[in-house]
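Next come two complexes, and both contain subunit A; in the first it sits with subunit B, in the second with subunit C.
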Partner chain A sequence: MIKGYLGVDVGSVSTNLVVIDEGERLLAEQYLRTNGKPIQTVQEGLYAIGQELPAGVQIAGAGATGSARYLISLIIGADIVKNEITAHAIASSAMTEDVKTIIEIGGQDSKIIILRDGVVIDFAMNTVCAAGTGSFLDQQASRLCIPIEEFGDYALKAKNPVRIAGRCAVFAESDMIHKQQLGYNTEDIIAGLCEALVRNYMNNVGKGKEILAPVMFQGGVAANHGLVQAFNKYLELDVIVPRHHGVMGAIGAAILARETSRKKGGTGFKGFNIKEINFKTSSFECKGCSNACEVVQFYENNELLARWGDRCGKWEINAV
Partner chain B sequence: MSKIGIPRTLAYFIYFPFWKTFFEALGQEVVVSPPTTREIMDIGVREAVNDACIPIKLYHGHVAYLADKVDYIFCPRLVSVRKHGDFGTETFCPKFLGLPDMVRLALNNLPEIIDERVDLKKGKDELLKVCARVGETLGQSGTEIKRAFKQAMKVDGRFKQLLYQNYTPVEAMAMIFDQQEHIPPPRQETDLKIAVVGYPYAIYDAYINAGILKLLQKEKVRVYTQDMLSDKTMNRQARTLPKSMFWYFSNRAVYGALHFMQEKGIDGIIHITAFACGPDSIVDRLLEIESRRRNHIPYLAIAVDEHTGEAGIRTRVEAFLDMLRFRRDKA
Partner chain C sequence: MKISFPHMGYSYIAFKWLVENMGHECIIPPEPSKKTLDLGVRYAPEFACIPFKMLLGTYLEVAEKGAEVILTSGGMGPCRAGLYWVMHQYLLDELNTGIKVVAFEPPLCDLRDFLKKLHWIRKTGGLSLKAFIQVLRITWEKIKAIDEVEMYSHEIRPYEINRGDTTRSLWRALDMLDVANNEMEIKMALQEGIKLLQQIPQDKSRNPLKIGIIGEIYVVLEPAANHYIQIMLGEMGVQTDRSIYLTAYTRKNTIVNLEGDIFSVAKPYLAEAPIGGHGVNSIGETLLYAKHGFDGVVQLAPFACIPEIVAKSILPAISRDHGIPVLTLFIDEQTGKAGVQTRLEAFVDLLEKRRQYKATHKNARLVV
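Coming up: the complex of A and B.
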């Protein structure tokens, strides 16, 4: 029997699942679109990754991360729930021992993590603006009728990237339309967008941070070659895109699950075949005071498992 | 007897014990708005001018809540309140200077507003003079005012003593006014010690900051804030900067943070900053630079606004605590 550790990272745009072995080798991975249905996506993803796993692998620990981590931990029976910043840092330092900077760009958020001697010493996340994230690129790609997967390769063909204002996603779009109407070619505009996104990231998330090599570039957006090139140009160094750049958060959660389950000597993992279980959430507005909190109730086969969302705590059950 | 309404935000967290005692000693009734709720915030966001910062919008919401319940709204024009140290050019931020006017223009059907100018740097007896003017508005005699003033000073002194014993203003007020003598001193099991700095109305308003103090407490973090420091301690830090800021609350946040950066045993600094706050664009950058210059102490800035989700704050705080624990365990 081989011991496997499951990591699940449910973000706003994608849901990633991985299983690693004791030595942090990837045994299976699933990268799915969340499509606004985190519960269903995780149920399907779990089933799929269970099918993909080689025979004889038994899950000895499970971890959840990402913005839906608390909800998901209840579904899979996670041994540990961890924020995505720590999860990414853990995964990167496991892959590249002396990593000093991590650039992570996901669907709706982006972060920078600064490490020295294997320890996180500083980090930042984007605040109220999504201009430097994957959603921004997604939107512009669909405006130009180019599949997002090919977007970056267009940028590589550019000869003279156009200067585009990247401070705000809305204004970047008007600027881009303007440049199109002036007759600039698509490749140069796309390369300009990539550079604008990098500028925005560096001025917003990366502001004031000491960026030293080796720099890891991960998250779904790292698949974009145009952005890799734009980062290289801006930072005047070569960023490293890890092979499993899209699932690093999940790998981090899996590594943490290994530590935790070893410590507690067992796992609460519910198994891969949870497709049959009916998970359901419902919500109501509490009328107790003028806060009018939206309280969420979580059911497993009609049995109330947890309740959260109230500020005062009077409805709370098993809230994590 | 009149009812005097005091909004539970902005300078409430520093001056409420004084003014509540003063008004009550004069035989008036004090009505305070409840802790911020979603309804109060929604009204404030709707009624206040659009480009105001979120705390000013909240203030409008609290005033609107009180409007039909009281005879007066207490909304002093705060210019300066420091009594010690180098006053320099320090005042409150411009929005405090214009607060009574802003509220008057934005909200309809308001009762009378008590908007006495509080400018304590003018002289030693200035606060008594302010009290005299406020008391006269309410038709009180000079002797009554003097007696109420003395009582208010006494309670204010007790309030400050409790703050210096590391109680938050909210805890200290509960101890003074609700006779909760036995609030457990904040000395339960401590895993980390963190200084939380920023404007009192951002730090102690659990609605606007998504309950960050409670979250830290749950994580066994002992919290210190700038309000637990004496003026003397603050002023010592002022001398370590080439220049101070112009604004009272900003200076307090800065001096407090600088003090804790050098204080032994403090694991990190969290700065809670209000979205769209002009002065904070400088305060935050200054603290980020100084935290690196002084001991490389871990520093986290959290911006709050009307859309602040608990999830975003929780993710950042959890990651920050992880970082502090990893650092400590590696050392």
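Coming up: the complex of A and C.
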């Protein structure tokens, strides 16, 4: 029997699941669109990864990360719940021992993590602006009728990248349209967009950070060759894109699950066959005081598993 | 007259008492909610910062309840907040609310204007000068007591065994302070409140991290504007100290005006000109927190707030020189707290790892 560790990362745009073995080798991975239905997506993904897994692998630990981590941990029976910043840092340091900088760009957020001697010493994450993240690129690709997978390759063909205003996604789009109407070719515009996004990233989350090599570039957006090239040009070094760049958060969660379950000596993992279970949430407004907290109730087959959302804690049961 | 004022944390308890005991009727401003934000965003200029919008929303809410006068503070610094009350007055006039905004400027800047407004408030309420001074004194005691019990709650929350015990006891303590009517009663209520908090089941074996909260005054003082950050951090097991408490603020800026001190602290990093708002304070306070052995600092800044942006660009240098990590959170219309929670959790992880690293590498100086 091989021991496997499950990591689930449920983000705004994608839901990633991985199973790794004791030596951090990837045994299976699933990459799904969250489509606004985290519970259902995880149920489906879990079933699929269970099918994909080689025979004889038994899950000895499970971890959850991503913006829906608390909700998901209840569904899968996670041994550990961790924020995605820490999860990404853990996965990167496991892959490249001496990593000093991590650039991570996902669906709706972008972050920079600075490590020294394997310890996270600083990080930043976009707060009020999502310009330059995956969702925006997605939108521009479909506006130009270019499959998102090929979007970055167009940039590589550019000869003279056009300057695009990258500070705001909305203005970047109008700037792109203006340049298009003036007759600049698509390749140059896309390359210009990539450079604008890098500029915005460096000015926004990267401001004041000491960026030293090795620099890892991960997250779904790292698949975009145009952005990789733009980062290389801006930073004057070669960023490393790990092979499993899209699922690094999930890998981090799996590694953390391995540590925790070893310490705990067991796992709370509920198994892959949770498709039949009916998970349900409902909410109500507490009338206890003027705060009027919106309390969320989580059910598994009509059994109340947890409540959250109340500020005073009086409704809380079984909290994670 | 029906009087209201800005809602900032728990201070409304004391200001309510003040207004009522000056012989006026008090319209208690509600805690900022989605409705407040909707109203503020709808009628404020798009590029105004979140404090402006939330205050405008609050004023419109109290207007609905019949408020005629709003008492607020002005400000002479080169931050636009000093002009906010004038803009608010324009907007409130435009919307025909009939509300008059009365702003108290720092007395050291314009003593005559300050006294004139005080006189007007006293005369319309029908109080003798002696009684008026007495009312002000008791209000001051009340604010101090409120600040004290709140500070204490942030100190003990990381030790609580059952989540929410501290917050619930704090609310009970504030209720007791609410009904206290003289110095003696305030003192008793404060003692009772502190005792309530002390009685909470606690795990004293914990060794909580210490984080300082700095930034622009409104978003620092109003929990509803900052996602209840101190409670959130407390429940993650972190002790917080915020740089601004009304009593400290009033003492520093209005009466004794000790701002010179924070300027001199910040001077090695910002010698040129006093930047407005709380920008200089943010720089100086980060230095002070580093000096006092805090593990980290969280900077709260309204989106597009120039003073805090200036401070933010200087803070990395302080982090490097003094080994204190700083997390900046920009605050705007977003009400979802998941994003803030993620950043805070990661920040707490970072600080914990640093602490462990420092413990195992005794002589290492971790630079940021």
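Assume the second predicted complex is superposed on the first by the 318 of 320 C-alpha atoms of A that agree within 3 Å, B and C clash if a C-alpha of one lies under 4 Å from a C-alpha of the other, contacts with A are read in each partner's own complex, and residues count from 1 in each chain.
Keep in mind that, in the parts below, a residue touches a chain if its C-beta (ideal position, glycine included) is under 8 Å from a C-beta of that chain, and two chains touch if they have at least 3 such contacts.
No experiment lies behind these values; they were computed from the predicted model shown.
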item	value
Joint occupancy of subunit A by subunit B and subunit C, clash or fit	clash
Which superposed partner A:Lys314 touches (first subunit B, second subunit C, both, neither)	second
Subunit B versus subunit C as contact partner of A:Ile121, first or second or both or neither	both
Which superposed partner A:Gly183 touches (first subunit B, second subunit C, both, neither)	neither
In the superposition, subunit B vs subunit C on subunit A residues touched	C
First (subunit B), second (subunit C), both or neither touched by A:Asn291	both
First (subunit B), second (subunit C), both or neither touched by A:Ser67	both
Overlapping contact positions on subunit A, where the subunit C interface meets the subunit B interface	67, 82-86, 117, 119-123, 125, 127-128, 208, 289-292, 311
In the complex, subunit C residues that touch subunit A	30-31, 33, 162-165, 167-168, 171, 228, 231, 303, 312-313, 315-317, 319, 325, 328-330, 332, 334, 338-339, 341-343, 345-347, 349-350, 353-354, 357, 366-368
Subunit A residues within the subunit B interface of the complex	67, 82-86, 117-123, 125, 127-128, 208, 289-293, 311
Touching residues on subunit B, where the partner in the complex is subunit A	37-40, 206-207, 211, 275, 285, 288-289, 296, 298-299, 303, 305, 307, 311-312, 314-316, 318-320, 322-323, 326-327, 330
Touching residues on subunit A, where the partner in the complex is subunit C	67, 82-86, 109, 116-117, 119-125, 127-128, 207-209, 289-292, 310-314, 316, 319
